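One chain, chain A, links the two complexes that follow: it is found with chain B in the first and with chain C in the second.
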Partner chain A sequence: MNGNKTVLSDDVTENKRLLNERMQGTEDLVMSDAFNGQGEALTVCYLEGLIDSRRLEQTLVLYMENKRLFPAFRTDSKLHSIEEVTDCLVSGMTVLLFTEPAYGVAIDTLGVQLRNVEEPPSEATVKGSRSGFTESLYNNLALIRFQFPAASLKVEFRKVGYLSKTTIAVLSVGGITNAEILGEVHRRIGEISEDAILGSNDIEEWITDNRGTMFPLIESTERPDRVVGALLDGRIAVLVQGTPFALLLPFVFLQAFQVSEDYSWNYYIGSAMRVLRLLSGLIGMLLPAFYVATVTFHHELVPTPLLQSIAAAKEPVPFPAVVESTAMMLAFEIMREAGIRMPKQVGQAVSIVGALILGQAAVQAGIVSPIMVIVAALTGICTFTLPPTMMNYVIRVLQFGMTFLASLLGYVGITVGIIMLLTYLASLRSFGVPYLGPVAPFDMSELTDVLVRRPSTSKNRRPSLFRAINLNRNRGKTR
Partner chain B sequence: MERRITISNIQLMSLIAITSIGTSSLYAPATLARYAERNSWFLVLAGGAVGLLNLYVFLWLNRMYPDKNLIKICMHLLGPLVGGIVALGFIFYFLDITSWVLREFSQFFIIALNPIIPQNWYLIAGVVMCLYAVFHGLEVFARVTEIVFFITVATLLTIYLLLLNQYHPEYLFPVLEEGMIKPLSGLMISTSWFGDMMCVSMVLQHVRKTKRTMAYATWAIGITTILMLMSVLSCTMLFGAQTTETFTYPIVSLIQNIKLFRNIERFDAGLVAVWVMSSFIKITVYFWAAVQGLKDMLRIRKPRLFLIPLACGFFLCSKYKVWGLIELATFYDKQAWYFVSFQFFIPSLLLLIALMRRDSHKRRVSS
Partner chain C sequence: MNARSGLMILAIGVCLLSSGCKGIMELNQLHIVHTVGIDAGRNNGVKITAEIARLSASGQQPKGMQDRTFYLSGEGNSLFEAARLMRTKTDRTLLWGHATVVVISKAAAEQGIGKHIMAIRKLRQFRNSTLVYVTEGKASEVLEATMPNATITSQALRGLSEGGESTALTQQTTLIDVYKDLINQYRDIHIPAVQLLEDPSGKKKSLLKSEGLYAFDNDRIVGLMKFRETKGYYRAMGSLSGSVETIPCGQHQTVSFENTSSNSRLKTYLDANGNPNVRIEINADLNLVSVQCEKSQEGTISLIKQWEEELNKAISDDVERFIAFSQKNHSDLLGIKERIHRKYPKHWKKIKDKWDEIYPTTKFSVEVHTRIDHTNFTT
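Showing the complex of A and B:
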């Protein structure tokens, strides 16, 4: 069993020396000798700061009195090698080392200050659940189990990263999740050979189908309710220790326009909001391109009164439309990035600079036309309707490409761009599921389910898109 | 070993419909009106009937050889020499059609949209777009075809619907005043448009066959006929047969008659989208068919290496093929037999030979 492991010795000082050597002589390692009630010698080892000292004290007092280690046991097997001991120490356990026979016992005493459960900042809702994930994996699992207390929910732990040994959890639902996709997830996780996994994005990049694409092929969310909804659709969730984001897979393109709040509103409202997001995604991607194409090539297609006002507004501007548009959009992106990075106290400065200088003053100085400011503002706002964890950065990048094509070939360029984009999207797959599904390959009932939020009473089938095993939602009753 | 490529019935239907209506419905009314005046709808129906027959020829061939495409069937039936020559003919035809459609694609923009941008730009954009799709293969562009199909059908229907209050049904009368035979003089050209779906001969082996494959294919011809009929009828009912005849792209004039809320007009942008998308599908599928044919014929291991040289070839061919739209249209009109023979006559001949060989084989087995 222990091929190249160092076995614990019967000598206390030798054990301490081995431990110190293995841990590079780190100075936060505490090793103190003690005796229990029976007079047996033992060494208490832990990493200072990583443990909850009150919890350790209680456990130790109980142990000294009864020689029983009943509370807070995670590993009930005994430790026999230095490596096992150090692995326990770095994950926040306290190890009691005994001699004659030489073995160690680990007690879970992890005590790290973590964030409380808060409203997820990237996926805020007006109505619906307000809890979001934190950095603690077990806490996140508890949040999911709390929302979905079903015996069929299965959690599989894996350790990845040969140095960090980060714990990740793969969640699936027995009787719903397709075993083939689950097997594929495990196979891909097994291929990870990085030294340390620092966040869910590392996992995402390793297990994605296509590493060369900027489109998200795996969804990430901060919301337990979204994870539960996805699990019930036959999808798989991957949670990573230390990251408040769960990965959901497979993921198809149109899901980027869904948010979990859709299910908290009346279904007409929910559906309308979905369509609205789709529309604003399209506007966000294409509006500057349309403006550039129209102003540069297709004046005749604009109603005359509108054309007159566009021409009057554009008259003092010395740049071609494409330069104007790219500059404005770039300015917008810079302001958005600055708004995120800036300390909150100086945040107001960005809005003042943005509104007054880049908007009004630029127009008055004749650098940009007022219509361009409207176009840039509308485009920017439209992209913000999409959940930021998914598609909206991609759409912003595409915006520039489309504008470039429009400046070369007008409407033809835009259509060519759309076609190439569609071709590209059609070539993508997420864990074997076509990325453009259910539009292409076409499936009417699935498509209505994606575009429209169905009433809960008539949602009696699971989507077949993710190859769920049991498609029937309400047991026994069919209506 | 290559992974088996499969496409669905709906994708097959979209492919058939888009390759036949997508481009031709834009200028069909003018050409047909030249032959049959106000009775061009009759010509469309007749063309549709022949088109259906044409489709069944391919379906039948496919049923006899379910895992062979047209090129392989040729080689199998006629032996390596004669079959090889016929197969080469087909491949040449695929290549030729690709460059025709590419030229047609760019010509439309120069005439109907914007003469400022040089033709080369349009040609390059078209070639690059299709090259990219062929690079990704049949499965991918079949999926795009589905989306294009819905967009195209919806746009065309919207155009015809918005003009509803401007139609003059009396322009259609008298019906067939010169009998049913005379208008058929334009049957060849009408057939050649429906025959553009002959690319299915290369695609059919990849369709995931179900009981309803036949029905879907038939429906595709049905949809094509209906849409073509609508385009012809609405042009005739709006302009009358004689005016329709004078237009280059009657549907562009048709769309310019749409006016919403007094000020909103010129929906040409929608037409541009339809035209680009359908031309894209048509060029891509023939490009793909040519590459596939070359691959089977010459046993090429890595057909992807041939894509870029072929694309450059298409660009040059399209550029110097004809000097302008008039020559292009005349060729389509007068030399329709060239298209129809590859679309219909030679495949029918192949089917005939296949049937005879099967009969003689059966007789040999039974005796």
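Showing the complex of A and C:
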């Protein structure tokens, strides 16, 4: 244990010097000497600003009155080395150093200003739980425990990043989660050799099955209810200190079309919304490609009156359909990106420019046809219906590829594109689970679950896809 | 990236570049042909006229099917040659796939319609659902006719063909129908007629009217079936849905009925001498729609009975007129030939060569049962 570590000495000044040296002489380190009620000398060390001074004061007062209160604090084990002390200091604890015998005691006094629990902005709902994760890991764990107060919920802490030592929590449910997958998660987390973990995406990239793919193989969510739902399906959640996004794994492609809100509505409505999302996913990926293929290769396939309208609208446009389409889609992407990055005060300007210049004026100037504007707008909006933001970025990238293929080979090109895409998706795995499941490998009952939101009373089995140990959801009654 | 994937990308790239973009045609490099007219040309040739939509000028809202049209024509020894030669007069490629109607002039049909239909089929661009019409005069003049609210003639002709459901005077005959009759030879071809009418306002404009059918013997046109023959034909085929039947009632007055349903049963059999006989049984339901004469207050049931008998007579008259026309012109529109072939295959071999003489002497018997469904009498 003491291999490379500097043991605390009995000399107060020496301890201070060692600490200062270890902390690179940082100036926010406060070390002050004091005496307790029994006349013992002690040194209070903490990082200024990182601690809640009122909490520290209360703790110290309590300590002065009664030394035995210490075991009540979270970290009650004694510290014996400078490295342990500094690790505690940087994570917001206050360390009391004693001499003769030389040891330190860490008390949790972390006091960072964090935002409150708010509705998650990236996963808003109309009906359903409105709380979202914050940057605080323990708070997030508390939110999950609050929603799912079960003794079988297991939290395992890991420290990753050799410099940052970020705490991450791996959540599983005993009796449901498959131990093999859980073991694999731990093994992959153990392989992380980065210096600092800045967000959950760092973890995602380290532990994903395939680092070369653009498809998300791990889901991330801001919603505690979604995490609980996933845990009950036998999936595993990974929470990272400092990020409001929890990672859920394994993740399969078709889950991108499911929202936890589906379960808040009547099941007919929920099912209809699921089908609608699937449809908009398809439209979002293929509509511009279909438009380009149709107006350049397959004019016969359009009803005559419609073709007449399209042709009349396209008459003044000087560009080929593929250029027109790519330009409009690109303009849409630029506006979307600007909409996220710009300060809120200039938001109006962008929307006016977007709607007027790109919509109306471009049509009047004869640069794009009005049909193309409709296609671009519909496509853009359709992709936003997919709940995982990552998935709608992927679909928008694919849409450019599909348009390119369509412009070269027409519908044949689109077919080639779809076949290539499906082949590729079938080759992906998320923690050993086939990415295209339950379509391939085919499972009728679970595929129904993808399209239809079953009533709670008849949803009595967990998906077998995630290899849960116990597939039975309902007590007693089985299907 | 290793060499293998690089090679693969190169291969895909070469494939796409060399085969891609083949057959690409932007919409503003195309003329959309809406109607095609086929006329007889000089020296036994063929003249083809295309009605093409003139697309709205820029800055205006697209007008859809209300755009003005212009015409292009070409003449050649064959339909294909004529169509190709049209390209010399136009700046854009012609898109034939959207031709909704093909109008053939009677003069061209007299030379034989088969070669034209085959040529159109071989062009491969036309839809199977393209409608076919035959006109008395020049097909190109039909194309130039303007109907109110339908500047594109194909739209007008499509609309006219739909009227057949309520008048039983025309029908939707498509390219594939004609082609099937031509190839299978189960029955002779019939194609609805379209005629130009002078606009009563006396201006240069002319209207279109679709009434009657042109009957064919093989691929030669033989004659026009008018009002009653056409109705008789649809009755005999059982393909009539709505039509008007009138019977006289007193002096210059009539009772009118609307047909609501009609079906027929055709039976062929050989008599003792081995001559083919045909029996046509027709069942029809009608509604009373107008009574011009005074109706006697009593005996309504017997009156209806009497009307039904008169209707039976009127309808069987129509059918008989059609049969007379058909026998006179050797136009076997009902497909009696095929029915006998199928029912008496052995006997058919004996009479096959003499069929053209046998058909005009075939005995037809017509039996009509009408039923007046609703009289709407309130008293």
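Couple of notes before you dig in:
The criterion applied here is as follows: the second predicted complex is superposed on the first by the 472 of 479 C-alpha atoms of A that agree within 3 Å, B and C clash if a C-alpha of one lies under 4 Å from a C-alpha of the other, contacts with A are read in each partner's own complex, and residues count from 1 in each chain.
Definition applied: contacts are C-beta pairs under 8 Å (C-beta built on N, C-alpha and C of every residue); 3 or more make two chains touch, one makes a residue touch a chain.
Fair warning: this is a prediction, and the values are worked out from it, not measured in the lab.
By the document's definition of touching, of the two partners only chain B reaches A:L436; chain C does not. After overlaying the two complexes on the shared chain, residue contacts for A:E300 are found with chain B and with chain C alike. Contacts of A:Y411 after superposition: chain B is touched, whereas chain C is not reached.
Of the two partner chains placed by the overlay, neither chain B nor chain C lies in contact with A:A230. In the superposition on chain A, no contact is made by A:A362 with either chain B or chain C.
Judged by the touch definition given at the top, the superposed model places A:T423 against chain B, while chain C stays out of reach. Within the superposed three-chain model, A:S309 lies in touch with chain C and out of touch with chain B [touch as defined at top]. 297, 300, 304-305, 408-410, 413 are the residues of chain A that lie in the contact sets of both chain B and chain C, per the superposition on chain A.
The residues of chain A lying in touch with chain C in their complex are 295-297, 299-300, 304-305, 307-317, 320-321, 364, 366, 370, 407-410, 413.
Those residues of chain C whose C-beta lies close enough to touch chain A in the complex are 16, 19-21, 23-28, 30, 32, 34, 53, 55-59, 62-65, 67, 95, 97-98, 100, 125, 127, 154.
Those residues of chain B that touch chain A in the complex are listed here as 8, 10-11, 109, 113-114, 116-117, 121-122, 125-126, 128-129, 132-133, 136, 140-141, 143-144, 146-148, 263-266, 268-269, 272-273, 276-277, 280.
Those residues of chain A that touch chain B in the complex are listed here as 297-298, 300-306, 408-413, 415-416, 418-420, 422-424, 426-427, 434, 436, 439-442.
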